[in-house]
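Read from first to last, the chains carry the letters A, B and C; within each, the first residue is number 1.
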Amino acid sequence: MLAILRDLLRYNVEFRIGVALVGFVVVLSALSAVSPYPPQDVYVVPPDVPPSLSYWLGTTSRGQDVFWQLTFAIRNTLLFGCTVALISRMLALMIGLLSGYKGGWIDRALMSVNDTFIVIPLLPILVLFYFVMRDSMSWLMLALIMACLGWAYDARLIRSVAMSLKTREFTQSSVFSGMSTREILVQEHLPYVMPIVFSTTMNNMIWSIGLEVTLAVLGFTDINTPTIGGMIYWANQHTAMVAGVWWWIAFPTAAVIMTFIGLFLLAVSMNEYIDPRSRLGRIGGVAT
Amino acid sequence: MSAALLEVSHVGKIFTRGGLFSSRRIVAVDDVSFQIDAARPEIFTVIGESGSGKTTLSRMILNIERPTSGALSVDGLDLTTVRTNAGRMAFMHKVQPIFQNPFEAFNPLKQLDRYLFMTRRRFHAEADQATIEVAVDEALRNVGLSLKEVRRRYPHELSGGQLQRVAIARALLSNPKLIVADEPVSMVDASLRMSIVNLFKALRDDLGLSIIYVTHDLATAYYISDRIIIMQKGKVVESGDARAVLNAPQHPYSRQLRAAVLLPGVAAAGGPVSQPANVFREFNASE
Amino acid sequence: MSVEAAAPADTRPPDRSGPILSVTDLRAHFRTTHFGVNRYVRAVDGISFDVKRGEIYGLAGESSSGKTTLVKTIAGAIKPPLEVVGGTIDFAFLPGYGGLHRAPPTEVARIRWRHLSYIMQGSMNVLNPVRRLRQSFVDFARPHIAGTAKEFETAVIGHLARVRLEPSVLAAYPHELSGGMRQRATIALATICRPDFIIADEPTTALDVVVQKDVLGMIHGIQREIGSSVLFVTHDMGVHAHIADRLGIMYAGRLVEEATTPEIFKNPLHPYTRHLISSLPRIGDDVPRGGLEGAPPSLADPPPGCRFHPRCPLAMEICSRRVPDMIETKPAHRVACFAVNGSTEP
C-alpha cells in the first residue's frame, strides 16, 4: 500500500496536487477539534468584521468566526459525503456483482429494482422527505436516504464488468478449483471492478455534497448543524452579498471547490494506477 | 447401475436468440450419443469446425450448460440432479476441464500456485500445508514441472505450453476420472505442442484417466486418439476407431476435412522426414 | 550475407532486376515505462533478408519470436513505444528512405495500396463494420484506379469473381458475410490495384480448415496472376508447406534459417528448425514425436550469444558468447549456427 502511494506521489502530478488539496481540506476539518467556539453558538464575536489578523476569514452577521465555522462545516460536509459514498458503494458492489455473476431471474429482479431507483427524481423526493420528517431529519438520516438513492447507476456499471468477467476462462478455473460464488466475486473479480468503484466513489462524493449544499441553501436540511450549505443558507438569509459581507460566502465556496477538485484529481490518478491493464504493464505482462 | 464413466444419451441443445416478438432457434447440438467405459481409459476425440457444436457439447459434459433434450450421466449420476453445492463438488471431483487459451486459464493478477493449493485443499480432507505441498509438487511433476518453478509466479511469466501444463496439473489435483479438454493445444506454440499431446497419452496410460479431446486438428487427433466422432452442424456424421476413420473416412464431410489437411502434401514430396527425428532421439527418450 | 547500402533520397528509376524488398540488419525495440518500471524489449534484433520479385516468402516463428513486430516495422506501423533503432527497409518502389517510417506522408500515400497492400488476420480489422463492402472498395482503391465510377465498379466486380464472390456482396455489411467470405473480400481488396508487394499476416489462422485451404489456393492463384511478391507470416508450418516458395525461420527476434520450402522440410540444418519439422504430427504416420524442453526466451531478457543455446542439444561453449552469423552454408540455404557452420575461434 505504502509502495503504491510512494509510486503515485513520485510519478503522477495529478496525484500530488490532489493529495495537497484534499490534505489541506482534511487538516482544516481536523482543526474543528480545537475550535474555541462551540459551533452552534451565535454572537460570540463582533459581527460583520472583514478578514483581518484577529479574525482570519472575517466574521458573519450572526457573530460567528468564519474560520472556525468553516472547520466545522467542512468536517460535517466531508463526513456526510464519505458516509453516503461508503454505503452506496457497498450496495452497488453487492448488487452489481451478484446480478452480473448469477444472471437469470436474480439478475432480472435486481435490475428491475435498480431501474426503478434510477428513474426516481431526486430533488423532489428529498424535498418530500424533508417535509414529512421535518425536525427528525438529521444529517445522518439524510445521508442514509441519499445512499439509498445513489447506488443505482454504478450497480449497472459493475454488473456489466461482472458479466464480462464471467465469460473469461479463469472464472471457470476458479469454479472447478472449488471456490464458492462469494470467494470468486471477492477474490477474482473485485480487482477488476475496483477502478470503477474508485472513480465512482469520488463522483458519488461530489454528487452527494453538491446535493446537500443545494438542499441546505434552500433550507431543506437541519440548518443548525453547520455545513457548507448551511453557511451559505445563513449568508443568504442575512443578504450577505448585498450587505457586502462577501467573505461569508466566498470562503465556504472556495473550500468546497477545493474539495471537489482534489477528489477529482485523486480519482483520476488512482484510477490509472489500479486499472488492470496498467497493472499488467507494470508487472511485465502483456495487456492485450 | 451401468459401468459407464460417461454416458451421453441423445443429447441436444437449442439456443433461442431474440426478444419478445421475434426469436430464432439455433440447433447447436442434435442427438449425440456415446459412452465411455469406466474400466478402459481412453482418449475420445470430438472433431469439428466452428459451429459444429463441439464446444457446446463439451460444456454440457462439464455441466456448464444444460441440455435441452437427452440425458448426461457421469458414473451413473444424472447431471440434472446435480444442484446443491455438495453435489457440484462431487461432480467436479470426477470431471475437470482444460481450456483453449492457456493465458486466460488463470487470473492474470493472481499467482498460479494459489489455484493449485486451493484445488487440493477443497477436494481432499486433510488440511495441513505440508501434505498439500507434497501433493501439488507431485501433480506438477506429473506434467513435467515442479513446485519450485511455479511458486509465486504470475501467469505472464510462463510460456503458453508451461501454463497449459499448470492447468493440467490443477485439473489432476482433484483426482478426476475424466478430463474434458477443449482445443487444449491450438494456442500453444508448435514446438511445445507435442509435449502436451504426449502428456495426454501419459495421463491415459499411467494414471488411467479418460480424456475427451475436442479439436479441429486432425493430425494431433490421429496421433493420440482411441475413438473419434466427427461433428458437423451439431450432428455426428462419422464415428469409430480413430485410425480407421482418419485413414479411410467414409462420409463426404469427413473426406473434405481429411483433404484439407495441409501437411501430407509435403510428406509426399520428400517422404516421411525421418532423419531429423533421430537427432532428437535423446529428447524423445527423456519425455 | 547480402547487403544493400541505403542511398540518400533520390529519383532513380526502380531497379527491375533486384529484390522487391531488402531488409538489412533491422533492429526494432520496445521501450515502456510504467510508474518507474522500465522494460526494454529487443523484439527484432538484427534481421537481414531479401524478397525477390514474384515470390511468396514465408516467415515462420512462434509466439514471442518477434515476427509480428517485424511485420509491423516493414509495414511502417511504428509508433512509440516501438522504435526502429537501426538498419534499413528498402522497397524497390520506394528507394532511398530506408523504411516507410522515414518517408514523407505523400510518398507513403502514393505507394500504399497501389504498390504495397496488406491482408490482415482478422478481416474485421480491415473492413469497416458500419459501411457496406462497396464503400470499403471505394475508400481503399478508388484513388489509385483511373476511370469513371462505373468503370471502377465493373473492375471491382470482375476482380471479385476471381475470389468467387458474387457482385451482390458489394451491397452487404461485413457482419452479414461468413468469415471465409469476409477474408476473401479482404484478399480482393488487397489485390485489386495489382500491388507489387503484399504483406499477409496470419490471413487464414482464424478460418476453418476447409475454408483455409480454399483461401490459400486463392491467394496463390491471384499472386501468380498478378505477379506480386508476398511476405506471408504465420506460425503454422502446414500453411507454409502449402504456399511458400522460400521460408525464413525466426527465433527470439532473429532469423536462424532460410531456404526454399522443400529444402527446409527435407534438409533442415538449424537445430531449432530440425526440431520444429520433426515435431509436426502427420496423419498416417505413427512415429513418436517429442516437444522441446524449456520455453522461448523473453525478449526483454534474452540469453547472451545465440538465443537458442539454452535449449539446444548441440550447444557449445562459443554459443553462449557470440551471436552466430547467417552464412550461406549451401546454395540458397542460409543458417545461423556455430554447430552447422563451424566457427573461426578455437
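Things to note:
FYI, contacts are C-beta pairs under 8 Å (C-beta built on N, C-alpha and C of every residue); 3 or more make two chains touch, one makes a residue touch a chain.
The structure displayed is predicted, hence computed values, not measured ones.
Centroid distances built from C-alpha atoms place C farthest away from chain A. Highest C-beta contact pair count among chain pairs: B-C. With centres taken as mean Cα positions, chain C sits 33 Å from chain B. A straight line joining the Cα centres of chain A and chain B is 49 Å long.
Taking each chain's centre as the average of its CA atoms, chain A and chain C sit 53 Å apart. In chain C, no position touches at least two other chains. The set of chain B residues that touch two or more partner chains is empty. Among the residues of chain A, those in touch with two or more other chains are 283-284. Residue ranges on chain A touching chain B, taken from their complex, read 168-170, 172-180, 187-188, 191-192, 276, 279-280, 283-286. Listing the residues of chain B that touch chain C in their complex gives 49-50, 158-162, 189-198, 216, 218-220, 222-223, 246-247, 256-267, 269-270, 272-274, 276-277, 279-280, 282-284, 287.
Considering their complex, residues 64, 85, 89, 92, 96-97, 99-101, 104-110, 115, 118-119, 121-123, 154-157, 167, 170-171, 174 of chain B touch chain A. Contact residues of chain C toward chain B in the complex are 62-64, 179, 208-210, 212-213, 216, 235-239, 241-242, 261-262, 265-266, 268, 271-272, 274-285, 287-293, 295-296, 313.
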